[in-house]
Structure formats: C-alpha cells, structure tokens
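Both complexes below contain subunit A, partnered by subunit B and then by subunit C.
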Partner chain A sequence: MHIPDGYLSPETCGVFGAVMIPIWTAASKAVKKTLSVRQVPYLAIGAAFSFVIMMFNVPIPGGSTGHAVGGVLVAILLGPWAACIAVTVALVIQALLFGDGGITAIGANCFNMAFVLPFVGYYVYKLISSNSPSGSVRRVIAAGAGAYVGICVAALFAGIEFGFQPLLYHTANGQALYCPYGLNVAVPAMVLGHLMVFGWVEVIVTALVIKYLQKQNSVFFEGGRS
Partner chain B sequence: MTLTKKLWIGIIVLIVLSPLGLILPDHFKAGSAWGEWGREEIQKMTGYFPLGFQKLSELWKAPLPDYAFQGWEGKDLFSMSFAYIISAIVGIAIIAGVAFLIGKVLAKEDE
Partner chain C sequence: MSSTLHKRRDFIERSILSALAFLKEATLSEEYANRKGFLQSLDPRFKTISFLAFLVTAVSLKSAALIGTLYGFCLILAFFSNIPIRNFLLRTLLFIPLFSLCIVLPTLFSIVTPGEPVWSFRVLGINGIITRPGMDGAILFVVRIATSVSLVVLLSLTTQHSELLKVLRLFGVPQVFVLTVSMCYRYLYLFATMVENIFTAVKSRVGVVSHQRHGQNVVAWNIANTWNRTTQMSEEIYMAMLSRGYTGEPRLLSKFYAMPKDWIWLLCAVIICAGLFYRGHT
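Right, the complex of A and B next:
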C-alpha cells in the first residue's frame, strides 16, 4: 500500500500533505493529553512493530504481494492518535531510508495507513468490544474485526487515489501522466487483495498480540481510553 | 521480566524472521505489491511510460533501497536476506528512537 513517487501527481501529493498537517497537529495535541510517561516505551515499540511487520511481504502465488500494517493494534493499545504518530514515524523513515513509499507520497500514504487505518480499525473495535471485560474473547474478536475493516478501508482509499490519476492527468492522446490505471482497475485490485489475503494477515497479527497481552497484563487496555 | 522487555524480544524475533517477507514471495513467484512497480514493469504492462512519472520517481535516492544495499539488485536470496535483517535493525533503531523522543516531548508527567 506504499504509493511510490511518480504514481500521484504533484497536486494530489500537495492536497494530501495539506490534509495531514492538521491531522498531525491534532495527533500531537491529543497524545499530549492522553499519553502518560510510562506509555512512551510502548509508543516506540508500537512504531517499531508497525515497521517490521510491514517487512513481511505475503505473496499471492503468481500474483502480487502485500503486508499487514499493525496500526489497528497500536490504536487499540495506545489510542488512535498515538497510532497515527507511531505509524507516521515508520512511514517517513521507510520513505527516506528505504525508498518504500515515495517522498512526494508521504502525505497520501500517511493519510491511508496512519490516519484512515488506525481510526477506522479503532472505532470498529470500540463498537464491537463495547464494555466487555478486558480479558474477554469478545475483545479479541473485536480487535480482529477492527484490523480487517481498518486495512481494507485504507486499501480502498489507496485504490481511489491511484484510480483518479489517469482521469485527471493525461496527455492529449489519452496516455496517463502518472498512475496508468483508473478506478475500475485500481480499486478492485487494492480492495480485493486486502479482502482476500492481506487483511487476514492484519487480523491474525492483531488478534494474536491482543490475546497475548490479555494473558500478560489486562491493565494495558486502559491505555486506549479517554 | 517486564512487559516492555518481553515485547522487545518479540520485535527481535520478528527481525530474525523478516527475510520470510523476501523468501516467500520469491518461492511463490509473486511480483511487486500492486501499484509499486518500477519503470520497466510499467512499460511492459501498459506499453508506454507515463511522462510525469520520470521526474517524480527520480527525486529521491534512498540509501538502503528496498531494504538492501545499493547495487545489490539481483544478488542471491541469502545475501538479500542478510541485507534485509540489517535494514530491519537500522530501521527499528531509528524509528523506535524517533518515536521515543516524540513521546518524551509530548507525554504528560502527572501520573
């Protein structure tokens, strides 16, 4: 889901950069209010986890690859705003150091994976877990559902961003200037891959860690509140 | 053992296992992620090269492109796995450091 440089027009990149600035500002304000000093190491671990889990490219035999993001897990444990910051740090370093995701596409990639993904996932989790006990199976299921919906909606947004490019930017003879595939190709490709395969990787990773943390220390689940 | 220590051990295990993200796609003959193709791949698929792409795609030269060392394209899977693990270690050191600093600056003291 890491859109590289060249696939989005400079205008599109500018729009998403501009959209992310107030989101990042709100994230720092929210985290300032809710994150306690004792949670800071978890923010670092969350960012590290998101980065390394994205390195596990999962293949569709003979097709494309994809991966989990881990952003919903961080959102459940530390709150969606903290997850926004953790995943943003991972995405920015991925772009700068490893060329995974474009420099110009940092705004769009952060919008999809550091904003849409953790927020959608978090609220689906909240809705399903409601006020069930922190050690309950219902919470594990809620986390899995949040992970699945979160990553699939994020993939949908990426597909839309890709797909609008040839509509908006093409030469007189119809050749695309940036991403060559329109909505009819990009949206199904992005969404189906995640619905069928990569979304389930996010589910498994999220549910396993939540289950593990329930055994270790259920107090952890207070962290995402307020 | 504290929970943070256990979780860091988990991260280290993931670092060691990370080459699976390279080996499995290779084994199952899977290509790039959708929309993350390079220049030649786009040309092969569409028959042309998008004009605006060129300038943007050459803006940035990453020091460890695709989690490998520069000039290592096409090396054997064992070398690439080694580079992948080094990339994971370098990436995590920087990312955890930056996130920790941001957290330290923002987090509230009154606990």
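Right, the complex of A and C next:
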C-alpha cells in the first residue's frame, strides 16, 4: 500500500499533504494531553514497533508470505492519535532512508495508513468489543474485524487516489501522465487484493497478537495509557 | 525436490531474517555516506533541498526525455560520489521500477489504450496491438518512477542518516517530532537484533518452521513479545533521559556549516530544475 513517487500527481500529493497537517496537529495535541512529558520515548518506541511490524512476513496459503501494516494493532495498543503519529514516523523513515514509499506521496501514504487505517480499525474494534472484559474472546474477534475493515477501507482510499489520476491528469490525446488505471480498474484491484489476501494477513497478526497479549498482560489493550 | 520444498517453506530463513538483515545493514552501513565524494562533501541541508527540487521536477515533468536527462544527471552524481554504478542500478531498478513496469504492461495494448498501432502480433490465437499512446505513457511512467527512486536512494546513500533526519527541522517540523524520528531510527536496529535473536532461538529449538499455522503463531507471539519489551524499555529510556537532564523540552545538536560550494550547488540545482521546466513547457 506504500505509494511510491510518480504514481500520484504533484497536485494530489499537495492536497493530501495539506489535509494531513491539521490531522498531525490534532494528533500532537491529543497525545500531549494523554502522554505528558513521557511522550517522546514512548512514541519513538511505538513508532519503531510499528516499523518492525511491517517487516514481519506472515505465511499465507499457497506458500507465499505477506506483511501487515499493523496500524490497527498500534491504535488498539497506543490509542488512535498516538498510532497516527507512530505510523507517520515509521512511514517518514521508510520513505526517507529506505526508499519505501514516496517522499512526495508521504501525505497520501500517511492519510491512508496513519489516519484512515488506525481510526477506522480502532472504532470498529471499540464498536464490537464494547464493554466486554479485557480478556474476552470478543476483543480478539473485534481486533481482527477492526484490522480487516481498517486495511480494506485504507486500500479503497488508495484505489480512489490512483483511479482519479488518469481522469484528472492526461495529455490532449488521453495519455495518462501518472497512474494509468481509472477507478474501474484501480479500486477493484486495490480492494479485492486486500479483501482476499492482505486483509487476512492483517487479521491474523492483529487477532493473534491481542490474544497473546491477553494471556500475558491485559492492561495494554485499553486504547493507550490514558 | 523435498529439500527444495523444505527450503521454500522455511519462511523464517527466507523472509524474516533476510528482511531484518537488510534493515540492520541499511541502518548500520553508512559506508557510502562516509566515503569521500562530491555529494558527501555537501551540507546536508543544501543537498536535501536540491534533491527535493529534483524530485518535484521529476514528478512534474511530462516528457520522458527530460526526466531521462535528470536520471542521467543522477547517475553522473552517483559516479562522482564514489557509488558503484552497478550496485546503484541494481538497488534502484530491481524493485519499484520493475514492479511498476509489470503494472503498466497492459496499458501498452490497444484494448486498454487505443491509438495509433506501433506493433501487432498474434499469440495463442489472440491478436495483440501495441499503440503509440500506450507505449509513450508506459515509458513516461517507468522513467519517472526510476528517476524518483534513484534520487531518493542517492540522497539516502550519500548522507548520514542521523543528519538527514535532523534536516527535517528545516521544513518547520516540530522539534519533538524530529527527536521522535531520530530516537525511533536508533531503536530500529535494537529491535531488529532483538527479533532476530528470538527467531534464531526458535529455529534452534524447532528447526524449520514449515507449517503455515505454526509460522503465524511464531510471528504473532514474537510481535506480542516485542511489544511487551518495548513498553518496559520506554520506561527505562525515560528514566535515562531524566538522569541526563531531560526536562521535557528536547534540544537537538546540529552542526551544519554552509560553504560557498553549497550555495553554488544550490544555484546549479535551481538552474537545472528551471531549465528542465522551461524545456518542458516550450
């Protein structure tokens, strides 16, 4: 889901960069309120954790592997605003130092993976888990459902961003200047891939990790340390 | 056959340890950044601004030839910065541009991109017609992506990572955020080592993890264990920061000194970008 440089037009990148600025500001304020002065090491380690999650390849049917984004897992553990910052930091490091995900597309990548994914997933998790006991199976199911819905909605947004490119940016003879596939191709390609494969990787990772954490220490999945 | 299958299914060896080894190698080996070369001699601030300007130019231009010129310039810079060109090409072309080429292949054909036919062929009773707009669009797409990736990788290879992260301050990024990014980067290596040790321990006890379900459990347990250790670690790090005089207001040390050479380089970069934009619009 990491969008590289060149897939989106500079205008699209600019719009998403502008959209993310108030979100990052709100996230900083929200985190400052809940995490006080301890926020820096806690956030830095949360960001490193979210980076490391993206490196775990999970075996999937057919002998292949896929990696999870872990945005919903981090949101359940740290809270959605802290997850927004942690995933943003991970994405910035990936783009700047490892060339994974574009620098110009950092706004769009953060919108999909640091905003849509953790927030949608977290609130689906909250909705399903409701007031169930912290060690209940319902929370494991809620975490899996949140992860699945979160990543699929994020993929839908990525598909829409790709799909608008040939509609908005093309030459006089119709030649696409950026991502060449319209909404009719880009949206199903992104969404189906996540509905069928990557969504399940996210479910497996998120649900199993929550299950293990329940066994070890249930205090960590109360939506951060607030 | 069975050993091949065995090897293929050993996902720990194949995907996790290799990914972690790459991370460790990337975070530790600032070998190229420490070499003597043209880009290494520039102030990181000026270098980052100039590369961002190149990147925006590459993303904005609508001519594959002009973007290709920028790509050629990027290779020249790599050469004068003591970066082995073969390694550089392998690193920049093998992943994202190759993947993008695969994505864009269907757009070559008339069924996706109608237009003036350039070449037609018949395979398994199916007629394939490659069109001019399809070919031009695909070349533009792949050249742009190859150039963008090359620019970012060249910047990353020739700049010490800690300095590159400090440069974020230039763009008005709050100090707390920059400190978070820098600390996160430092702990990546520690986490990578931690995870690698756990997987090596698992492997030494159970051998090859070939069953899919077992593999999933190993990964999930490892992530959960990493989380537990990270939360413990955050408390210890906070106490260590307090003991060193951290008062809640981060202070970053940065010793950037601009030389006349850096200003000349920036001027050259602006002229190159302006020239390419001008050519692109005429």
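The rule is simple: the second predicted complex is superposed on the first by the 196 of 226 C-alpha atoms of A that agree within 3 Å, B and C clash if a C-alpha of one lies under 4 Å from a C-alpha of the other, contacts with A are read in each partner's own complex, and residues count from 1 in each chain.
Basically, contacts are C-beta pairs under 8 Å (C-beta built on N, C-alpha and C of every residue); 3 or more make two chains touch, one makes a residue touch a chain.
Bear in mind the structure is a predicted one, so any value in this text is a computation, not a measurement.
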item: First, second, both or neither for A:Ile128, with subunit B first and subunit C second; value: neither
item: Touched partner set for A:Ile53, first subunit B, second subunit C, both or neither; value: both
item: First, second, both or neither for A:Pro41, with subunit B first and subunit C second; value: both
item: Which of subunit B and subunit C A:Gly174 touches, first, second, both or neither; value: second
item: First, second, both or neither for A:Val197, with subunit B first and subunit C second; value: neither
item: First, second, both or neither for A:Val19, with subunit B first and subunit C second; value: neither
item: First, second, both or neither for A:Met1, with subunit B first and subunit C second; value: first
item: Partner chain in contact with A:Ile85 - subunit B first, subunit C second, else both or neither; value: both
item: Partner chain(s) touched by A:Ile141 [first = subunit B, second = subunit C, both, neither]; value: neither
item: Residues of subunit A at both interfaces, subunit B in one complex, subunit C in the other; value: 4-7, 9-10, 28, 37-49, 51-53, 55-61, 63, 65, 85, 89-90, 93, 95-99, 102-104, 171, 175-181, 216-217, 220
item: Residues on subunit A engaged by subunit B in the complex (per definition of touch); value: 1-7, 9-10, 28, 31-33, 35-49, 51-53, 55-67, 85-86, 89-90, 93-100, 102-104, 158, 162, 169, 171, 175-181, 186, 189-190, 193, 216-217, 220
item: Footprint of subunit A on subunit B - complex, ascending; value: 3-4, 6-8, 10-11, 14-15, 17-18, 20-22, 24-25, 27-36, 42, 45-46, 48, 50-54, 56-57, 59-67, 84, 87-88, 90-92, 94-100, 102-104, 106-109, 111
item: Residues of subunit A touching subunit C in the complex; value: 4-7, 9-10, 13, 28, 37-49, 51-53, 55-61, 63, 65, 70, 73, 77, 85, 89-90, 92-93, 95-99, 102-104, 171, 173-181, 204-205, 208-209, 211-213, 216-217, 220
item: Complex contact set, residues of subunit C against subunit A; value: 8-9, 11, 14-16, 19-20, 23, 26-27, 52, 55-56, 58-60, 62, 92, 96, 100, 104, 107, 112-113, 115, 133, 136-138, 140-141, 144-145, 147-149, 152-153, 156, 161, 164-165, 168, 174, 176-177, 179-181, 183-185, 187-188, 191-192, 195, 212, 215-217, 219-228, 230-231, 233-234, 237-238, 241, 248, 250
